[in-house]
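Note that chain A is present in both complexes that follow, paired respectively with chain B and with chain C.
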Partner chain A sequence: MTTLSHAPTSTRPVPNPKRSLITRLNMGTGIIVGAIFCWGTYYAMRAGRDMTDTHNVNKVLLSSMLMWSFGFLVGIGALIGPFRWLIGKDLTAEEQLYLAGDGQGIKRYFKYCTDHKVVGIQYLVGVMTMLGVGGTMAMMIRTNLATPGSHLVTPNVYNSLVGLHGITMIIAMIIVATGPFGNYIMPIMIGARDMAFPRLNALSWWVLFTAIPVLCSAWFLGGIPTGWTAYAPLSDQAGPGMNAFLATIIIFALSTAVAGMNITTTVIAMRAKGMKWNRVPIFVVGATISVALAIPAFPTFMLAMIQTGMDRTIATGFYDANVGGSGWLYANLFWIMGHPEVYVILIPGVAALMEIAPVFVRKPLFSYNAAIAGFAGIAGLSVLVWAHHMYMSGWMPSLNGPFMITTEFISVPTGLLFLVLVGTLWRGRPWMKLPMLSVYAFLWNFLIGGVTGVYLSDVPADNYLHGSMFVTAHFHYTLMGAAFTGAMAGLVYWFPKMTGRMLNERAGYIAFWLIQIGFNVLFLGMFMAGAQGQPRRVADYAFVYEHSNMISTAGAYTVGIGMITLLWAVVHSWRNGKIAPMNPWGAKTLEWTVPYPVPLENFDVEPIITSDPYGYGKAAN
Partner chain B sequence: MANHTEELLPPTPGQRVSKFLSRKDVRQTFILGAFFTLVFIILGVWIYPHWMPNVLSKEMQADEDIMIWFTVISAPIAGVILAIAMESFLNMHRGDTPPEDGIAIRTHTPVVIIWSSVSVLFIILALVWGMVSMNTDAVKAATDAPNALVVDVTGSQWAWSFNYPAQNITTHTLNLPVDRPVTFNIISADVNHSFWPVQLGVKVDANRLTTTVIHTTPDKIGVLDVKCAELCGLYHAYMETSGQVESTTDFNNWVSSIQAQGGTQ
Partner chain C sequence: MSTDTEFHIHHDSAEKVGRRERLGVRLLIVADGSFVFGMIFSWFYLRNLNENNAWLPKGVHTFTTASGYTAAIGLIIAALAHRAGEMNHGLRRVSSIVVFLALLVGAVYQWHQMAHMPFIAHDDNGRPFYNGAYASNWVLVAGANMFHYLLGAFVALGLVIRGYRTKLDPVLEEWRQRTAGSWFTWIAISGILCAIAASFK
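Up next is the complex of A and B:
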């Protein structure tokens, strides 16, 4: 296993590997080399090709985008280590220490830095940027839908907004908890000095980073008409912007594979002495199950996209019925990823709330085993439910019954998650700080998301609801109302450890209430539109849906103001907030035993664990 | 720490339950739970018939009933969760320092078992309901098929067209006679669409080169909206048309008028 040498922090000399290429590389050199690779590929491949043939256009664009990603990784120095292995060497100890970024100040955030805390902050800023961009697109969608007959944007721009909002938010939400907190907090929580594979950790972030400009390029290539589901054959027919979508997914799937392996290995192999499986903090369990679920899920999405790419570049016709392919093949591959994926998003958010609730209620987590059974049950069943998205597709109506059974049985482990949280609240006197408020918001939102999910899982009801705004409202209740609420609680809760400062409480409360109230207005309005019969992903609608859409848009603006307030609170508090004590919440997990700034390799003395971190409370009567 | 002399457990289960029920927080939780349950039941029964469009077929009625009854049967579960949450919320501690520790309830096996069993029962109930409803539709479709009106539906970017083979007409509006079973054979001329005659409560995708079939029986006279429920490109939002469920006489007159125009609308 490649890890950093475990020299004690205090006696380590400042690394200074002069004359090493590594010291000269950063994000800037990455962008330059990436751009050279990208444009080089573009012009080299264009030469002599008939660019009026769309297959050739797709070949050139897709290759250029993937070469940008590769070039960036070359330019930032990600491949120096593997290259040295090829010639039978490795980075010197000094170079490895240099890569860990100790003492390099703010510059290390723009380098290929292997310190898990730096990677965590990179993910945090990245996630917030993506949520901001995705949220802005959501505001534009809702503005266009405020009144019927609105032509604020053209149908083409509208469809692109829907698709790019979708994929931006899906990517952001997949990493929203496991990215920042899974990288920054989780290794400290389990008493590790770093992740198992620090270089892969840096790689997972910088690979993901290269997907961002690729996705943005979709706008300049005419947008995507397909929504984030990218169903074939619409995706075969789509214009050059579709290539950006394909390349983004391929790059993103690589990043999640790398990150998933790294987090799983770290938790399995690097827990502190005495941290048996029944003493692992529940957030760590949740994050691990989530990324472990992502490991088999995303490759099918990548495969689906590679096949779409082959259809578009060399006319293989995997999904083209005219030459013997089938769009249902795509739909199956997509949802085999797509349904586990929603639980990849949900589980870490819930786990963060389960970590938070005992601290503020000052009671042990109610039934740790039920929580694990809940996560494991969801993860296990989630790979068997994908075709409930295809009840109405015409593919195998005879399988609708079996898929209805597996889908509805997911309610049982999901019910356990509710039980754990309400059991923790039971007879408690909660300390009503901002993270704790999110627990209540979660219970309300996820209840609505869960019950409406049962309607949708029912084949006859789905006859009416499938493809309507009701579905959109349902999954926003689970992804935003539940998972995002959990991640926001995590941000407020771990903010003191990640920034050394407390989040501004007043601004935090205002943001919280604006977001939660606005959110409920927004999506209750959307449930109404869906029940009335408005299809999803429409740029325009009939007058009967006027009121429900107006309600939704009003809610959306409220959420928008709340999000801006939250952003202000985070930025302001990061710079000028009250200095945080080492353990502001009186919690018992390991991350609160290290000072801020957390030293390189976290612990001077490796901790030894003798109990789980939920030893709150007087004995029961 | 542990102080077992203060509150000894009563000796029999019956006494334990009655002591539990006499606690103030328990009684408050029950009242809150009853309140939330009632609110959800009223909302469920009122909201969906109020929101959803006209019911023009048994299939649509079944869809609406499921939404109403699933809300009603999940109301007590929602009520319990919200009641416990509200009870603890009202008992909050404010201030800058954490409150005293609460009671160390690590787990409570009977509660975990009861909770899991109730959710399994709820799911089985929902499943049986869904299966019976699916089966009813399938049996009805099979028995109705021989004398059903056949309509071949083609979705193309971005319009619907309807071909009535027996009547030998092709139209852009969907007119159907009341109380006669109808079989839709759906196909796409290009990308995926989804055929959704809203008030009939049925839906299926239109796929390229593969026909999908749905059955329904319109049983009331009224206006139909036909929409596309699968994103199909640029003008997806405008891929809609209207129609009519009408008396057999009106339907026959409509057919004759189209035939008089040469068979196309």
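Up next is the complex of A and C:
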């Protein structure tokens, strides 16, 4: 794909950081300053307030949580750049190189490091941690549901488990591909030296990091009894743990906006010479469409959370019918974000698989333009379908028909994605390595997820299936079966470039099969329970659903063992795996032209792109 | 607004960096725009729904129709002053000071307006609450205006200070003026849109 120009290499100065403030700040100072801001706010606001008033309690807690986040950013040095800009004394070259982590070894992962590769690894570890925590909660949920009347946890704890599992996994899945690979790999794929806004890149990660302890604090504040959708007016009335949910979403939305803006700008403005739009790797296109969709979508979620927070702290009435509010307002704002969010999660995973398939079939990607049309069509239609989540809410029944049509129409661009993948595989001779298996797993899982989605988009069928385990199984097939499978393939595929080592193949195969078989057992069982009528989000159930729940729980444990195997494979391979060659898969995209460890600015000479990235089997390449 | 003017780690020209920064800010404006349109949607949705006739309960005082516009005046003056500075470079230092002062005074006025809202009622225990969905929406719109004022004032103060620095790259600073202009224009439009919405009682 690439020839290298004779442009001169960088002439950057050697970093010689003085022992200034910027060199002393790290995650530790961030935590200390964040804790001081948090507790300082807590005690200052408590003083003189009537803490028997729930509005005051919410006010103090919500403010303390947000101040923790702000304090952390002060403590880690995130605000030095804006402050220096304000006073007209921009960061010097040495300071910028220091922030980029030049020569700092492992310490840079605990600092406000602007190198996109460091941020990518930070996201990867963060995502794996979130998946571990969310997955543990899933195992607790499934254990409780293994038999009717098990009472492993109380109904309130069960509600909190469901809510915290939901929001933890949603956040993890939103960043599972665009976080690690969008930051580490994508700039290299387009021939850029870094992201467009390196400091904002670090900011997006560390802002997100501050949301993790906030969300965990919900557990100690009585949990979140509303599920991850936080429907009003339940969320208005919920206990103090709800504040943690609100603060988490507000912080996360800020992180997403910054990350989305940064990735989009990088791809639009920083592609290598010769990389026309029809030469951009499909993963980059998918990730960009995904984050560009998130930019307008997530602020409405943030708005809904701010309105809920205002209801809870200063006694407004957005969602209180007594003072003119309406739960439907919340449902609209939430789902205007909520449905695009599904595709924000899905598209990068599918795009990763489209990136992988040509490499292992040694054929060009079938109909690159159809793939882009599919992504763009899904993104465009995704903002016109939100009310299918509200068929049964009683909101505007006259709009059910139009929303049913737009929802069913979305299967057309989705079909294009299938067409592209199947067309790429058609008459190919697949090299059946681990990433390639995920392509087949995706086709199976997403077919089930997609077809069951058509049932749910249908108003009469939804009348029966709404609120049942059928819905839960459907969206898990879409998010886990499709998006997570794509992200897992991406992890295996790019692992050599990110760590310099090959993933342990045997452990990887075992993990893959355990996860995929367990997943299908788990959620096919859940489809059965849902079709029989078992409601979701309920801690106990009638004996009639016993067998399907037992099957699901057995599947869940299989997935759990698979995930632990995968974690072991990642950790073990990272430390002791076989040293990876520069291009172990023989791929043609730019990231495989740079060595490991990838140099600070990625390329010694600026790459010039002369052909498309999927020219397998063409003599010119 | 986040890169150095003396040295850039990507080794790109000031022109490229400037364009990139403007694109980034415009994308953030899209995000902020989505938030503002969400607020306006909330306003008209709850107004037209008028749940329990509590959009404006009987006896609740309201702001005048002009109040929304007066709250936005600082934003509008800032945008116009910045535009004047862009068109006439001789006026730039003065205009950037005017922009900053307009936003600062506007923020103080917005704060005053928020502190004296006429629709705060008290429940049986003497605890205050916002009486009616109109009141709830007003305080949200005022809060968003306040956010725009404060962020705008930060940017404006930076431009004032940087206008007196001599070691900065003039090309990149010129781009930053244009980029800031996009932001000032947007927050003025946002203020006007919110004022139009707020005029529907």
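We take it that the second predicted complex is superposed on the first by the 602 of 621 C-alpha atoms of A that agree within 3 Å, B and C clash if a C-alpha of one lies under 4 Å from a C-alpha of the other, contacts with A are read in each partner's own complex, and residues count from 1 in each chain.
One rule holds for everything that comes next: a residue touches a chain if its C-beta (ideal position, glycine included) is under 8 Å from a C-beta of that chain, and two chains touch if they have at least 3 such contacts.
A quick note: this is a predicted structure, and the numbers were derived from the prediction, not measured.
Colleague: First (chain B), second (chain C), both or neither: which does A:426 touch?
Modeller: Only chain B; A:426 stays clear of chain C.
Colleague: A:270 contacts which: chain B (first), chain C (second), both, neither?
Modeller: It touches chain C, and chain B stays clear.
Colleague: Touch check for A:222: first (chain B), second (chain C), both, or neither?
Modeller: neither
Colleague: Based on the superposed arrangement, let me know which partner A:302 touches: chain B (first), chain C (second), both, or neither?
Modeller: Second partner only.
Colleague: With both complexes overlaid on chain A, does A:541 touch chain B (first), chain C (second), both or neither?
Modeller: A:541: touches chain B, not chain C.
Colleague: On the A-aligned overlay, A:321 touches which partner chain: chain B = first, chain C = second, or both, or neither?
Modeller: A:321 contacts both chain B and chain C.
Colleague: Comparing chain B against chain C, which has contacts with more of the residues in chain A?
Modeller: Looking at chain B versus chain C, the one contacting more residues of chain A is B.
Colleague: Touch check for A:411: first (chain B), second (chain C), both, or neither?
Modeller: first
Colleague: Applying the touch criterion given at the start, work out whether A:392 contacts chain B, chain C, both or neither, answering first, second, both or neither.
Modeller: Only chain B; A:392 stays clear of chain C.
Colleague: Quick check on my understanding: which residues of chain A belong to both its chain B contact set and its chain C contact set?
Modeller: Shared contact residues on chain A: 321-322, 328.
Colleague: Which residues of chain C touch chain A once you look at their complex with the stated criterion?
Modeller: Its residues touching chain A are 1-7, 9-11, 16, 19-21, 23-24, 27-28, 30-35, 38-39, 41-42, 45-46, 49-52, 54-57, 127-137, 139-140, 154, 157-158, 161-162, 164-165, 168.
Colleague: Would you mind writing out the residues of chain B in touch with chain A in their complex?
Modeller: The contact residues of chain B facing chain A are 1-4, 6-7, 9, 25, 47-48, 51-53, 59-60, 62-64, 66-67, 70-71, 74, 77-78, 80-82, 84-85, 88-89, 91-95, 98-108, 111-112, 115-116, 119-120, 122-123, 126-127, 129-131, 133-134, 137, 186, 190-192, 194, 196, 198, 201-205, 207-210, 212, 225, 227-238, 240.
Colleague: Inside the complex, what are the residues of chain A that reach chain C?
Modeller: 10-13, 53, 55, 81-82, 85-93, 96-97, 100, 114, 192-194, 196-200, 257, 260-262, 264-265, 268-270, 295-300, 302-304, 306-307, 310-311, 314-318, 321-326, 328-329, 332-333, 336, 601
Colleague: Would you tell me which residues of chain A are touching chain B in their complex?
Modeller: Those in contact with chain B are residues 155-156, 158-159, 162, 225-227, 229, 231, 233-234, 237, 321-322, 327-328, 360-364, 366-370, 392-394, 400-401, 404-405, 408-409, 411-412, 415-416, 418-419, 422-423, 425-432, 440, 443-444, 447, 451, 454-455, 458-461, 463-468, 528, 531-533, 535-542, 544, 585-586, 615-621.
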